[in-house]
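Labels run A, B, C, D and E following the written order; every chain starts at residue 1.
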Amino acid sequence: MSLTMAEKQAEQIRQISGSDPYKCMKCGKCSASCPSFNEMDIKPHQFVSYVVNDNIEALAESKSLWKCLGCFACVERCPRDVQPGRVVDAARQLVERQRGGDHLHAEDIPALLDDDVPQQLLVSAFRRYRR
Amino acid sequence: MPMTENGEFRPLIVAFCCNWCSYAGADLAGSSRLSYPADVKIIRVPCSGRVNPMFILRAFERGADGVIICGCHPGDCHYTSGNYFARRRMTLLFSMLDYIGVENGRTRVEWVSAAEGAKFSATMNEFVEKIKSLGENVRLGDLRCKD
Amino acid sequence: MKYSYYPGCTLKNKAQDLDLYARRAAVALGFELVEIPEWQCCGGVYPLGTDEIASKLSSVRALNYAKEQGQDLITLCSACHHVLKRVNDDMKNVADISDRANNYMQLDAPYKGETTVVHFLEVLRDRIGFDELKKKVVNPLTGKKIGAYYGCLALRPGKVLEFDDPENPQIMEDFIRALGAEPVIYPYRNECCGAYTALEDKNIPAKRTKMIFDSADGFGADMLITACPLCMYNLNKSEADSKVPVYYFTELLAEALGVKEGVEQ
Amino acid sequence: MQRIGVFVCHCGTNIAATVDVKKVVELVRFEPGVVHAEDYPYMCSEVGQQKIAEAIKEKQLTGVVVCSCSPRMHEATFRNCAEKAGLNPYMVEVANIREHCSWIHKDMEEATKKAVILARAAIAKVNLNTPLQAGESPVVKRALVIGGGIAGIQTAIDIAEAGYKVDIVEKTPSIGGRMSQLDKTFPTLDCSSCILTPKMVEVSTHPNITIHTYSEVDKVSGFVGNFTVDIKKKARSVDLDKCTGCGVCQQKCPMKKVPNEFNRELNTRSAIYTPFAQAVPNVPVIDREHCLMFKTGKCGVCSKVCQAGAVDYEQQDEIITEKYGAIVVATGFDIIKLDKYDEYAYSQSPDVITSLELERIMNAAGPTNGHLERMSDHKPPKNMVFIQCVGSRCADHRGKSYCSKICCMYTAKHAMLIRDKYPDVNVTVFYIDVRTPGKNFDEFYRRAVEQYHVNYIKGQVGKVAPQPDGSLLVQGVDLIDNKQIVMNADMVVLAAAIEPNPDIRKIATMLTASIDTNNFLTEAHAKLRPVESPTAGIFLSGVTQGPKDIPETVSQAGAAAVKVIGLLAKDKLKTNPCTAKCDVMMCNGCSTCANVCPYGAITYEDQEVRGPGVREVRRVAQVNVALCQGCGACTGACPSGAMDLQGFSNRQLISEVDAICR
Amino acid sequence: MQGLIDRLSALLSDGTVARVLGWKKGDMPYNPEPHMFETAESLKDFVYDGFCGANLSKMMIEASKLEGKTAVCLKPCDSYSFNQLIREHRVDRENAYIIGVGCRGKLDIDKARANGIKGIEEVSGTELDGPDSVSFKTIYGDKEMSYSDLLLGRCHVCKGKEHMIYDELWGESKDTADSERFDEVKALEAMSPAERFEFFKKELSKCIRCNACRNVCPACSCRKCAFDNNNFDSQQKANVDSFEEKMFHIIRAFHVAGRCTDCGECSRVCPEGIPLHLFNRKFIKDIDELYGEFQAGKDPEAQSPLTDYTFEDCEPGIVAERSNG
């Protein structure tokens, strides 16, 4: 039995995240905790069910990938240990690992800087927004 | 050496399970359909304290590759103290087998309660893997002077 | 007591205060920060992917160096603390990552998470003791009402970092008390400042920091302290009406210990 | 040589889908002793049993092997069947080819091979089986109930009504348990004390019931029908017989700052206290940890004001020993500690409370005299938020894996009561699922929504943030709207998970009753024997077995009582004949076996031993079969092998090893 | 020695005891053997010298059944065995009159042979109050060896010069221990499993299943040995294969674990020179390390470690942990 592309990608997300989306009981505590909820088109709890339903294409196009702050509030509070933040991050990586998947391009950066920008901001943004 | 058609080593494993906790745990593994290899054959004993070291040596003598004893958790023995005696007896016996150079992974004691079907299955899977990694029981076989 | 010290990229540059005052305070408190030679940047965020090995190696190198010195590894920056503790946890408990990292590194002896990673504040709490610290304070910050701003990286995930209760931390409040000031507890002290989104969407940190300042100010804080240069940046950039000054915790520490203007280590 | 019949069960497709039963029949025919082999779809059915009985008679079988489900399931069935057909029941063995084979293996060839091996082991064993006769042991016609909550009370009343003596042991100063702390009960909203108090009175006045409050079970020995229990009666410091319950001592006690456990520490009590007004017995105890007399040696006020002269500072703990035929465990529950859930600010705000605290606040005898008010400023709330599943249904390190079962209903109850009494208060409930299986339960919940307009939001709360003005900012999610909600509340009520009484581990160990990973006691069978422990003579009543509401607890308490009555109604119990047996010819008389016997069943006597070339008086071991429970610890300890266990003899077990390793 | 004989004669004559269990001169000067002396007269053949290594405790099992008291000569280490037999109700303390005889270590004739002393005709200097060297008159001339070089292996780990039980003492004892009791076991434990296996395989393959070890062992006192008991299906000698022989020693050691006093008789009597005490001593070492120090036969009231337990006992997994480092 061969897997469809979407199934393969969903499996990849499970692998990269090390998270088991089937443990989710759809309580929504991740979305209740998320500081970026209002910036996201697909909400944290939806990420989990999108992976269960192999709906990866929608995730790949979601702007939520770039709005997650990586603050682990969802991971800390999830009662089912699903670690939604890792699922979001894995979806992000899936996109970035593809050719041309970088969200941030080197040539755009100088315009984004000011004198006070700490290195920490640059390196974290690089790691989150580029392969 | 017992093999399947595809040349995979299939060990012979004897599991002694106490009636009250571990045998029931094995039943629960069954009713929960938590699989483990068919290499494991279970013998029901009333209590882990019933397991005489002679039984274990006998199993090895007759070609077993691994022997595991399962009983109630310390403090939970149906007969109050059988597992405590088993714990000391088996510790000393295993230490002796290790001392004469038999791989210490071939013997194991695990406490499995009646509610721990998942643990029973996981333990058996792990033990079978361990025995497979050790291969056939050659050292006790050598003592046996098997030709 | 000697610690292998991992300053991290920002402390060598935009957050020199965080580093400088820590060094001075350490001298006053009688422990030594031995900077790891040729340390490499931790990357700012922990690589979450279970298959990401290369990006964890700079942390492993630092951890292994500390192990070879027989020293605990101390950090100041919340991000470095977060990344190093989590990579260390992987090396100790995640066989797959540990094996692959060790295969790649080819160290003399495989690194299995032997090093203990401690945050500077943990040293104050667990090794020196806040009671001892209090005795060494020469300029108590009496009358100051200080809000601890933890941010996210210092606390979560609580299971791995074991820094403090991630939902109701006490360590910075106890620290503030030890310096003679009054801690102000406000609910958003463990909420994220907006982090790296600052680079491309200033809107997010603006909203986050406004909420944080409103909350801290509402409970009467005169100032905030932080251990994270990125939090510092985002808070400083805030245009909230409720904005109060933000300091690195080490600056207040040095001040209280009377070594703010002291000679360098 | 035995004449053995082998009966292979298909168990419908449970076995037959994975094990080739025909092949098993075919192969076991060649095993030594086997004279008959057949298969049948359901061996445990009437027809299946008929087949076994017929074969026993027609083929003069001396032994039977049934290859079927676990012997823990149907060994008794098949043994009864054999007995009716004239065969000693202990000549029957079961090969477990379902739980230990067909259900866990997928490959038919492999499973069939294993089934044959398991059958072979059972056949080898039966070849060495000998007929055994069950003995008898007397039954002590008295029951012990551990725990004096509604479960223990109901069980005790039901047993006592059947004419048997019952003792209740209750750890706290009064019976009543959790139910006495509740204000109203669902789904009828009648007052909890109004229905509980009569039962407390009934139990305390019943001629067949003895109550030991402020007491704990200290030691248990013996076995079904014949337990011996040490009960520790803690020093009450007040004479139960002299005290009139006037209450003056409590009024005059100068130490009034002790956290009041009964009110969930929302207020304080005196050091000499009865937990609540309707306490049974209505006799106070002195909390020696807080009493000034015990702490400083100076006070003695209660003694001075007691006209009955009942206060006794010299009283000591006392151990009493009683014999019982049956023991019922009814130790109940508590709610989990919430210190790991501070995203809800439970430890940061007095206005974030648990549902049990709300019960006390709503109760007229509670810390606010029944007025709904905030504990911080005693102002009435305008907005209340209830959060469900706090610590229930968790797979993380903080909570419990199970559903606590009662929270959905009591939250609906609280919401309704509040909306009824205080129509201006807005009530919001954040829920994951609303679970209301039970008679009139869903209707009850629907009333909360439809009649009382309680705002049910499907979603969870991520954070409760105390605000400078004293209100609470609740940040949650509405999953139906897919919106994050931020709302103000004056009080937040947490439906904390329930957990078994923490003492249960110690008690279970004393009783050798098995316990699951959540500390609930295990049933003998999850469906068919839900009120019995696998340990004979131990019965389960109430939440000690699993989460339950009051109606369920009372039903189960009655069921446990029936089982106890069934046991106590017997004068004698058949004992397990699988007991240890000493071969006097081999016994050294060394006492090693007696040293490991947990039942004191082995004694030594000088006995004349006669055998080939032997005629002398020797010190040899004697097994008291009434005491022996058949654990076999002695057999493993015996150096010579003189001590053996009937039904699980050395030869039988070795023959099984040999059959498996053939 | 004459003093001892005089005392024993007196005990017989005044009726205190009905017989004396001691050692009788052998056909060679170095092989005295246990003997029951019924009369004062027969005591002329009584001997007690450096070659009287045999532990007489076990013979008291049969002697206990006889009418009247039996005087028995026990060396300090033998007294442990006697005590253990009391604990197991195998001997009757009331029927025994224990002469605690002094001991300065017992001798191993094989040590002399290994030193090239062959064709021995006479030996002198082995008595309790004898000199520090032993003189041999051989067909090849006179030879001499120091007493301490001739000691049995077990005497180098002597348990001490105190008798655990006695009615009266005769002669001075000396603690001859000059090495650590568990050194041999430790050396084996330090080897790799494969090396240990080769070691034991080599040693055990010498066994001829003569049962000398079993017959001499004071702990192996079962009326019927488990190996002769068809309950374990291990009695059929015809079926005995090599496995059984090797396992025999392990099973035997297990059967006496917690009861073995480490008297060393098994190794002394083994005609093939198998160091059988290494099994028993391993059990003793494990018991000491895992369950607290225990010396069988020291205190007849003490609970044996195998019939005792604590909740905190180590798990059997400790074996792998210790062994695999």
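The definition used in the following text is that a residue touches a chain if its C-beta (ideal position, glycine included) is under 8 Å from a C-beta of that chain, and two chains touch if they have at least 3 such contacts.
It should be emphasised that the depicted structure is a prediction, and the values quoted were computed from it without experimental measurement.
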Labels of chains that are neighbours to subunit A and to subunit C: D
Length of the shortest touching-chain route, subunit A through to subunit B: 2
Which of A-D and B-D has more C-beta contact pairs: B-D
Distance from subunit D to subunit C - Cα centre to Cα centre, in angstrom: 48
Chain centre separation (subunit A, subunit E; CA means) in Å: 75
Distance from subunit E to subunit D - Cα centre to Cα centre, in angstrom: 54
Separation of mean Cα positions, subunit E and subunit C [Å, integer]: 68
Residues of subunit D touching at least two other chains: 343, 463, 596, 637, 650, 654, 658
Multi-chain contact sites of subunit C, meaning residues that touch two or more partners: 167
Set of subunit E residues in contact with two or more other chains: 226, 232, 306-307
Set of all touching chain pairs, with the criterion as stated earlier: A-C, A-D, B-D, B-E, C-D, D-E
Residues of subunit D that touch subunit E when the two form their complex: 585-592, 595-596, 604, 616, 619, 637, 639-642, 644, 649-651, 654-655, 658
Interfacial residue positions of subunit D with respect to subunit A in the complex: 343, 389, 393-396, 398-399, 432, 458-463, 475-477, 479, 482, 484
Subunit E residues within the subunit D interface of the complex: 65, 88-90, 221-226, 229-233, 255-256, 259, 303-304, 306-307
Subunit D residues within the subunit C interface of the complex: 340-343, 345, 347-348, 397, 463-468, 473
Interfacial residue positions of subunit A with respect to subunit D in the complex: 23, 25-34, 37-38, 43, 45-46, 73, 77-81
